[in-house]
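Please find the structures below.
Each of the next two complexes has subunit A plus one other chain: subunit B in the first, subunit C in the second.
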Partner chain A sequence: MWLLGQLRWWLLFALGMSLLPLFISPGTLRIFIFANFLAMFAMSWDILSGRTGYISFGHPFLIGIAGYTTAMLTYHLNWPLYITIPTAVVTTMIGGTLFFLPALRIRGTYFALVTLAFMELMYHSMQVVQPKLTGGTRGLSGLPTLVSGAVPNYYLSFLVMFAIGVGLWLLIRTRLGIALSAIRMDEDAVRSSGLNTTRLKLFAFMVSAMVAGIAGALYTHYLGSIAPRGIFEINFLFTILVAALLGGAGTIIGPIIGAYFLTFLLELLRPYIPGAGRYLIYGVIALVLYYYVPKGLYSLFERLRERFFRPRPDPQSD
Partner chain B sequence: MTDLLEVRDLTRTFGGLRAVNGLSFHVGEGETVGLIGPNGAGKTTVFNLIMNELRPDSGEIFFKGEAISRYPTHERVKLGIARTYQVPRPFAEMTVGENIRVGMLPDNLWKMVTEEAEEALETEIGRSVGFNNHQIAQRPSELAMGDLRRLELARTLAVQPSLLLLDEVFAGLTLGEIDQISELLVERKKHGLTYVMVSHDLRSMAPLVDRVIAISFGEIITEGTFNEVVNNKTVQEAYLGQ
Partner chain C sequence: MGQIIIQGFLLSGLYALIAVGFTMIFSVGRVLNLAYGVYIMLGGYVYFVAVQMYSLPKVPSFLFAALAGVIFGVLTYQLLVKRLQGDAIAVEISTLILAVVMQAAIIVVFSPAPRSMWPLVPGVIYVYDVAVQKNILLATVVSWVVLGGLMVFVHKTHIGRAIRAVSMDPKGALISGIDPQRINLITWGLSGALGAIAGVFFATYTQLDPGMWVFPLITAVAVVIVGGIGSIVGSLIAAHIIGFMETITTTLIAAELRGVFTMLLIIVVLAVAPKGLFGKAEL
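Let's look at the complex of A and B:
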């Protein structure tokens, strides 16, 4: 009962989203599918960077590990997806940890730069190292899909995004969430409180890598193809970051809001400003929002919720 | 008196400067010690070395008879050493209660996730340093300097230390706030808390310590009772630069 009370907004959101295919066209649903995937990527970034303050520029690296693992296993070995996708998630967690573990000992800009270097490394490696396996610059295409059609893909992407969102949201509401936030505010003071911050950061990273792995593998099979230029591109990285920051970093719900907002903003601008020009408009809108709502769109929802649904003060407390 | 802390021949240099130079001292269980010295004497560096926030070039630190020089900071805290900072370092986006909660967190991920926060105990710790319920729900930005010092103290007490390192707890406080903190420390001392206190406010320190160690340029000049140390000619020269 307590859990249902906590989750009432999530359940309302799920109800609304599950009815959506009844009212909108498959074309619009496809935009929602992209928004769902972007939300997963942004939440993956948020649980590590939004919470602990360790800004990762390397999330496409993690998404790429998952995408390429499942793509190569299905393309070359014809393994079924129910094996390749979990394998890809585990590979992302292990591979990502091996690369990122040394980086978790450095802070601030250095951490961000090291993670960016990993992304670049992966971009070039995928093109020149064993191109027969990776497909080189053209990547791999003709990959099997989990489901076909806009509606099944919409439900699949939403279901996974929703499960990840609820899971992470519940996780950050525990004392672990407090500990991770404290690292962002003052890591030395957390250590001085008797907590092993390396273990905490590693845990946040593993969860982040797991989510990136799930999302990356599913995204690859939704598209049916993977290429280095699509994954390890700076625009893809910035879209993830902007979605998380615009929505409200460190909140899990914020990145979902940010992902939907951003995806639809870009789509709405498409008829009026074709090509890269719309990125300019979206950049301006993002800047304006950062200026006026620095804590993200989620903070607006919070303010509204506090205004209209503020719990009545308990007369028993002094 | 059994030694709770023993520092043996501790040395730390920063470039050409020997901030701590072969320093040795001990603190007995239940004892309260003042560490004094002019600016740059190495007092805070000693605390940083005891907490492993800085690594010593040489020397050993023993706590409850155990060599802890290889232990990371969080392990030393778990053994029972905790510190406050010269400049209070609260978790700015958290309430006073949540700040105290960080100090109470178990160093165990599973317990962090599965066990509920002990809000009643958080409030009790908050109240024990003089916060009321309203203040416990406030954020550090809404607090005065004296409250921030008390918050620092509350978060440190939440880890249930057996040795507390207090770095300039009276700095920037009004006389009333100094009295509040002093009363709190006297109360804790009665309950057997051991602490080492660094302060420039010697008058406030006087009734709170059993013994004083004076250092200059990272070396001990003298040690003894408060009156013995402050009346020592070398100590006076070190302070006045004569």
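Let's look at the complex of A and C:
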């Protein structure tokens, strides 16, 4: 019962979203599908970087590993998706461990840069190393899809996004989740209180990689194609980062808000500003919002809620 | 062999110029400017517009490009970085967003199509039987002149000494009557100029396109990490390590692989010696 009370907003959200296909066109639904995937990517970033403060500039690296694993297995070996997708998730988690090694020794700026190097490394090597396997610069296309049509894809992406969202949201409410955010505030203090920060960090990396793996594999099969350009790219990283930060880093709900907000902002601008100008306005709005509301939209909602509802103080929130 | 040595030195000179502008900002403000690649791009485009669209003479156009870099560097600091100072991650993220915004702006103005730049000086000369484009030779010479000038500036002038003082200890500098914000502003302007000058040459080296800011930024990051963040001498040495590594890869293995080795080097150096090969030497 307690859990149900905690989850009431989530359930309301799910109810609203599951009725959505009744009201809107398949075209608009595809925008929602993209928003769902972006929300998954942003949450994956958030559980690692938003919580522990180890800023990752290389999340496209993890997403790309997942996408390429499942793409190559289905493309070359014709393995069925129910095998390739779990394999991709496991591979991504192994990739996540590789990602984790530098975090044992370096923090802050240096860590962000080494993750950026991982992403660039993949971008360059995917095009030249074994282009027969990876498809080189053009990538692989004609990959099988899990379900076809806008409505089934919408439900699939929403269901997965929702499950990840609720799971991570519950996770950050546990003692474990609180310990993760304590790492962001003062890692040495966490260690002095007798917690094994290495294990905690490894856990955050594994969860983040798992979410990135699931999302990356499903996204690849939703698109039906994969190429180095578009994945291992700073613009992709930018979208993920901005979604998480504009929504509110470290909150899990924030990245979902951010992902929807960004996706719809881009769509809302479409009729007014044609072509590339749209991305300019979109970037400027992102920059101004980040500048003035660095804690994200979620913090604005919280402030409004406090003003109008005055809830009892919640001992779990931090 | 001669080819590798000559090309290696030429490329390394340009990389050193690219990296020094980037590392200066870190020394003084302890923040990474991920919009640095934009100064390079801006330099290239301003020169392109001046020379190839308005047919202005080359030298004033070159100065315009440098001036555009100064203005943009100062604006980045004044409008964005100043208020976020002290939060390195916030600066990195907002400058990254700024870079993407500028990329979009360039696409709006110039369309996404790549443009090719005329060389500053056309023609080829032979050095020990190796054909060297005069343009690239000029780039290296100018790089070294600018770097030498910079060294004299930070060691011999009053403002230069103030810059070094702030990079060593901002509080101590403040007590000695130096305004760190003013020094930061000067450094950002200087960094913008260095980036824009490097950008003119870099653009003739490759081509102009809205995504061209990424590669020099990554190279600057690589040079600075390998050399040790904040060390100009370390950056010079690291620029040569990376420049030669790329030349050797390009000549002996394959041109596409040069990025791969650079990235591997960053990862290895950061994992083995996170402070870089030359630690934190003086500015």
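List of remarks:
Rule of thumb we're sticking to: the second predicted complex is superposed on the first by the 300 of 318 C-alpha atoms of A that agree within 3 Å, B and C clash if a C-alpha of one lies under 4 Å from a C-alpha of the other, contacts with A are read in each partner's own complex, and residues count from 1 in each chain.
Definition applied: a residue touches a chain if its C-beta (ideal position, glycine included) is under 8 Å from a C-beta of that chain, and two chains touch if they have at least 3 such contacts.
These numbers come from a predicted model, not from an experiment.
When both complexes are superposed on subunit A, subunit B and subunit C end up sitting side by side without clashing. Greater residue coverage of subunit A by touch, when subunit B is weighed against subunit C, goes to C.
When the two structures are aligned on the shared chain, A:L116 is found in touch with subunit C, with no touch to subunit B.
Once the two complexes are overlaid on the shared chain, A:L101 sits against subunit C while remaining clear of subunit B. In the superposed model, A:Q127 makes contact with subunit C only, not with subunit B.
Look at A:S181: by the touch rule set out above, it reaches subunit B but stays clear of subunit C. Touch criterion met: A:R199 reaches subunit B, while subunit C stays clear of it.
Contacts of A:W79 after superposition: neither subunit B nor subunit C is touched. By the document's definition of touching, of the two partners only subunit C reaches A:Y291; subunit B does not.
When the two complexes are overlaid on their common chain A, residue A:I55 makes contact with subunit C while staying clear of subunit B.
On the chain A superposition, the C-alpha centres give an angle at subunit A of 80° between subunit B and subunit C, rounded to a multiple of 10. In the superposed model, A:W10 makes contact with neither subunit B nor subunit C.
Shortest separation of subunit B and subunit C in the overlay equals 13 Å (C-alpha atoms, whole Å).
No residue of subunit A contacts both subunit B in one complex and subunit C in the other. Those residues of subunit A that touch subunit C in the shared complex are 55, 101-102, 105-106, 108-110, 112-114, 116-118, 120-121, 123-125, 127-129, 234-235, 238, 241-242, 245, 275-277, 279-280, 282-284, 286-287, 290-291, 294. Those residues of subunit B whose C-beta lies close enough to touch subunit A in the complex are 51, 53, 72-74, 77-78, 82-83, 85, 89, 91-94, 98, 101-103, 105, 107, 109, 112-115, 117, 133, 155-156, 158-159.
Partner subunit B is touched in their complex by these residues of subunit A: 171, 174-176, 178-179, 181-182, 185-186, 188-197, 199-200, 203, 317-318. If you check the complex, the residues on subunit C that touch subunit A are 32, 80, 83-84, 88-90, 92-94, 96-101, 103-105, 107-108, 111-112, 214, 218, 221-222, 225, 229, 254, 256-257, 259-260, 263-264, 266-267, 270-271, 274.
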